[in-house]
Amino acid sequence: QERFPGIGRAATPAEVKAWDIDVRPDFQGLPKGSGSVAKGQDVWEARCASCHGVFGESNEVFNPLVGGTTEEDIRTGRVANLTRNDYPGRTTLMKVSTVSTLWDYINRAMPWNQPKSLSVDEVYAVTAYMLNLGRIVPDDFVLSDANIDQVQKRMPNRNGMTTAHAMWPGRQPAGAAKPDVLAQACMKDCPVEGKLTSQLPAFARNAHGNLAEQNRLVGAQRGVDTTRAEGG
Amino acid sequence: QERFPGIGRAATPAEVKAWDIDVRPDFQGLPKGSGSVAKGQDVWEARCASCHGVFGESNEVFNPLVGGTTEEDIRTGRVANLTRNDYPGRTTLMKVSTVSTLWDYINRAMPWNQPKSLSVDEVYAVTAYMLNLGRIVPDDFVLSDANIDQVQKRMPNRNGMTTAHAMWPGRQPAGAAKPDVLAQACMKDCPVEGKLTSQLPAFARNAHGNLAEQNRLVGAQRGVDTTRAEGG
Amino acid sequence: AAGLATATAGARAATAPADGDPNILELPEHSKGLGQAVVTDGYGKPSKYERNVQRRQSPGLTQTAQASVSFAPLQSLFGIVTPSGLHFERHHQGWWDIDPSKHRFMVNGLVKTPKVFTMDELMRLPAVSRFHFIECGANTGMEWGNVAVPTCQYTHGMLSCSEFTGVPLITVLQMVGADLKKGRFLLAEGADGSSMTRTIPMELIESGEVLLAYGQNGEMLRPENGYPLRLVVPGVQGVSWVKYLRRVEVGDQPWATKDETVHYVDLMPDGKHRQYTSIQECKSVVTTPSGGQVLLDKGFYNITGLAWSGRGKVRKVDVSVDGGRNWRQARLQDPVMSKCLTRFSLDWVWDGKPTIIQSRATDETGYVQPTQRQLRGVRGTRSIYHNNAIQSWLVTESGEVKNVHVS
Amino acid sequence: AAGLATATAGARAATAPADGDPNILELPEHSKGLGQAVVTDGYGKPSKYERNVQRRQSPGLTQTAQASVSFAPLQSLFGIVTPSGLHFERHHQGWWDIDPSKHRFMVNGLVKTPKVFTMDELMRLPAVSRFHFIECGANTGMEWGNVAVPTCQYTHGMLSCSEFTGVPLITVLQMVGADLKKGRFLLAEGADGSSMTRTIPMELIESGEVLLAYGQNGEMLRPENGYPLRLVVPGVQGVSWVKYLRRVEVGDQPWATKDETVHYVDLMPDGKHRQYTSIQECKSVVTTPSGGQVLLDKGFYNITGLAWSGRGKVRKVDVSVDGGRNWRQARLQDPVMSKCLTRFSLDWVWDGKPTIIQSRATDETGYVQPTQRQLRGVRGTRSIYHNNAIQSWLVTESGEVKNVHVS
């Protein structure tokens, strides 16, 4: 006997198929299909390049998808540039550790203004093209459900993730039990250096608009008039 | 030493005078002045009658201010009609127990669309006129701060109030300690007659507009379409 | 049950075609396109599909629109917070949008130094934020006699609940050196045309519960609710929560103002009026299902509603689905707060037969919400105010729910 | 202090002429006229004098307006409830106003029977209403390096708090016969263009805390916040509170979605990214006084702000007005609720000298909010996400308040 008679019904197989599109790192959910780098380039140039640049280098507004990874990274599975504080920006290929993620995301969300308009083979192809731009697969590569697990073994940042932290609720996937930053609540005569290490430069004073117009007109304070110099 | 330095300041005498307009039952707050019934009639007809009717009987939209009180009520200080279930409506003079209330309210809030526009003497006068309409004061009466306490002794409902109840928070002004209605929370096989004694008559089904348009379009229910007869 | 079928058309996943529901099989536009930008509205508004959720007037109830009331759509609300845009309104001389930088607050009477405060100054003082209901003393007033209105919006909608922020009035009374020995009463006065005045018991103020409030649900009060300053008097009927508050005076006796002598007085069977009735006694109402609705189907429902008491916390709510013969204790949603709405709910499987649904609240003082018969037995039917009787909703065979009185 | 004088002009009652303040002596129009009618707005809006209280974008922060964020104006809010119109926004592919009667919700994966529900059906199930904060994992992300933004709207405004109403997800998982032994992970998926997906730990769902929410602050969710259905995952960063929720899938391993592999991963000094960082650790911020404001005067202030923890209740908040050398325990406004904003406040008399104001929260697990130096000591400065360091506001001699970093 049901606890909630009359509520909900079984999903039909066609319904599950229509919506169950996720692809996991173990490739559960990945549909059969394939696409070549060459075909991917066509898709890319027609459907992606306007936002992400012809070589995934991005145009003036979007973050670059490709770049910053090396042959050595592909070997080690760690992106060396991520250890450098001075490396500017981090591309998608520098960060992504699982190739399934790329496939899944392009399939569900790209092109940004026409998501879910690509065929399965087009997703394979354009993924192959992105991987090729990052030199993860060769120019003549045909990506498919049969060989994608081999590609995974060449992802530059495949060993770059850790779950050794205490910020996943419940039992960790190999997580830590204790928070990493352990402060104490000193109350009196606490050690402080009190050195002012950063504040907004004067030229940015009005960069967020006039703050006088971003605060209520009554209350314990007003917004400061940032169209004028401090104390001016 | 102040707890909240810098906050608030003394009110000036002129400021207190401008706002401290309340008049209490003991006539604290009542300004000196006077006004005759005759002058009150002028004020009434010019400033009040359009809403409340020439004789305070109200026009088609407003509640009557006057009526329903008798010479006998003036004597006893209890309005007899209030004990009758069949008496239609209750006028202001039937209910008001303190003459200060009339003075105070007219002074602060009337005329409704021009409150606080009457002079002190006009308030005396128009109050006198209302009292005269209710035969509480004679036609030649001049109401003033000096004789208003005498008028109080003739208010028809002056003995009609009670504070013997438990609905004034804190120490009662002569209140009761216990609520008047004492129900019990029976849980099982409770005595009910279950006789349906009232429901909306069919002609009023759509009187509040179409209820289908007054309920959300999703949820456990819809609003019923009241433009159609029940079950129709 | 023809009406039922109409009302539910297209509403149930159960009726999907064999292959599946087109709403699933054909991906909707929003799954295949780019949506709207951030800050389309710097101050957002509800979905266009929520347009039926509005406050409304009851036709013919009042003679003017500025001395009138609009009712909150309780039938469509969740939880305990009333969205400020749907807060019930009760004006006596219309509402205003007052410039807060020009608003002043004065304290005088039995005090050492009468004082004046700006909003800036009040907002610098230590403030508290508390969830409280506000109910008009006349809420459910139309139900003293016969059934006159169809839905809980009209029967119980002069009720709202907000998180109020403000300064405990006692703080300011201490600043002005109020004589709390002699001054056992306080007059609160508004700045609008009606300059509404009500007497407040000093006991309540001394408890720290009465607030000089400027905040409501995280932002400033809405103009309709007294912007920029309103007295919050928890547990007490709304008329005492003076809006556009300009002044309070400390005194040694009550004021018998117009709304303490001519209105908001409760007529008893003996012809006397109870004066200074202020506390909103323990009360509850089922909001789902409720009058004017039609249930979509037989089967499971989560009966839910609101309970409150002007005397403190709600202790329990019982629900009957058989017209009052048997009662089951409902779940109360925590936190259960004092003088605040409490949401209750109870599982119910509707078998399709006509029945009457009721709720009955008990507060922490042990006071039990009465039946209409019990209430009328003591107070007759002419009180107008403070009708806190158990509400009955008749579910008919067609699923239509109606406001009924039983005895 | 020339700027100070300007900012306070006309604001203080203290400067009234000898006879009195004209705002008192000359009665305002609203005391002498008839105001507006009820239901001027069936759904009301704030005062016109509140127009500065808006959500806002941070110029240059994002490259498009549909994959972007708007910040809630914390500096102007009271209590803990965020007005829904001011709730922060974070969209990845724009927002939609979805027809709720066509919206469907599917459960599949490791379940006995995959099922489909309409909104009508979900709203018939037993629901709960709970107050919770939601904070974007990237909130305060701009502060990892140097000061980049001036006010707490931009430093901390990807934070809001609402009363959410919905069905515990566990109820629905039980209805479909989910295999909770193998299925220790759940994928939540949105119906918008991004079809946002995030992995949710089954432990959280089993606790009953994760909700299929449709209600927010008493009404339905706002379109910008996921109308008509959103996952509520208390204590966890906002990206997991999937909006326009169309589907959940029960599985035996996490999904490593784009927003779990490319974004919402925290870069550590050793070049590794922490994956599945979800909990918003204990944090607080003083909202009054705060950056971009200028104090009206010396004298008394009620320092106030917000504290929260993704691990439970806030236990205490300490405030320093001397740059962290000495701390005093602040008052906490009850009810203090789990995974909910908590409002704190503390008396302060400003003597007119420059100083630095900070707050530091401790939660019920004993976790103490760290300084920037402590946080950076472990995590470096490139995490982007989960910056919960103590915020410092410098009050200058002119009363101007500035966002500063100290070490």
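Letters A, B, C and D name the chains as they come in the text, with residue numbers starting at 1 for each one.
In this text, contacts are C-beta pairs under 8 Å (C-beta built on N, C-alpha and C of every residue); 3 or more make two chains touch, one makes a residue touch a chain.
Just so it is clear, the model here is predicted, and its values are computed rather than measured.
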When the contacting C-beta pairs are counted for B-D and for B-C, which pair yields the higher total? B-C
At what distance in angstrom does the C-alpha mean of subunit C lie from that of subunit A? 46
Intercentroid distance (Cα basis), subunit D paired with subunit A, Å: 22
Which residues does subunit D have that touch at least 2 chains other than itself? 8, 11, 13, 16, 21, 24, 31-34, 49-50, 53-54, 56, 76, 93, 100-101, 106, 116-118, 120-121, 124-125, 193, 195, 220, 228, 246, 296, 299-302
Could you list the positions in subunit A whose residues touch two or more of the other chains? 3-4, 6-9, 11, 15, 19, 112-113, 115-116, 216-220
If each chain is a dot and touching chains are joined, what shape do you get: line, ring, star, complete or other? other
Chain pairs satisfying touch are A-C, A-D, B-C, B-D, C-D
Interface residues, subunit D side, partner subunit C - complex: 8, 10-13, 16, 21, 23-24, 28, 30-50, 53-57, 65-66, 68-70, 76-87, 89-91, 93-104, 106, 116-118, 120-121, 124-130, 163-165, 191-193, 195, 214-215, 217-220, 222-224, 227-228, 244, 246, 296, 299-302, 304, 331, 333, 335, 337, 343, 345, 347
Subunit D contact footprint on subunit B (complex, rising order): 3-9, 11-12, 14-15, 18-19, 112-117, 216-220
Which residues of subunit A touch subunit D in their complex? 3-4, 6-11, 15-16, 19-22, 24-26, 28, 61-63, 78-80, 82-85, 90, 92, 95-98, 100-102, 104-105, 108-109, 112-113, 115-116, 157, 160-171, 173, 179-190, 192-200, 204-205, 207-209, 211-226, 228, 230-232
Residues on subunit C engaged by subunit A in the complex (per definition of touch): 13-14, 16, 18-21, 24-25, 27, 31-34, 100-101, 118-120, 123-124, 220, 228, 297-300, 349
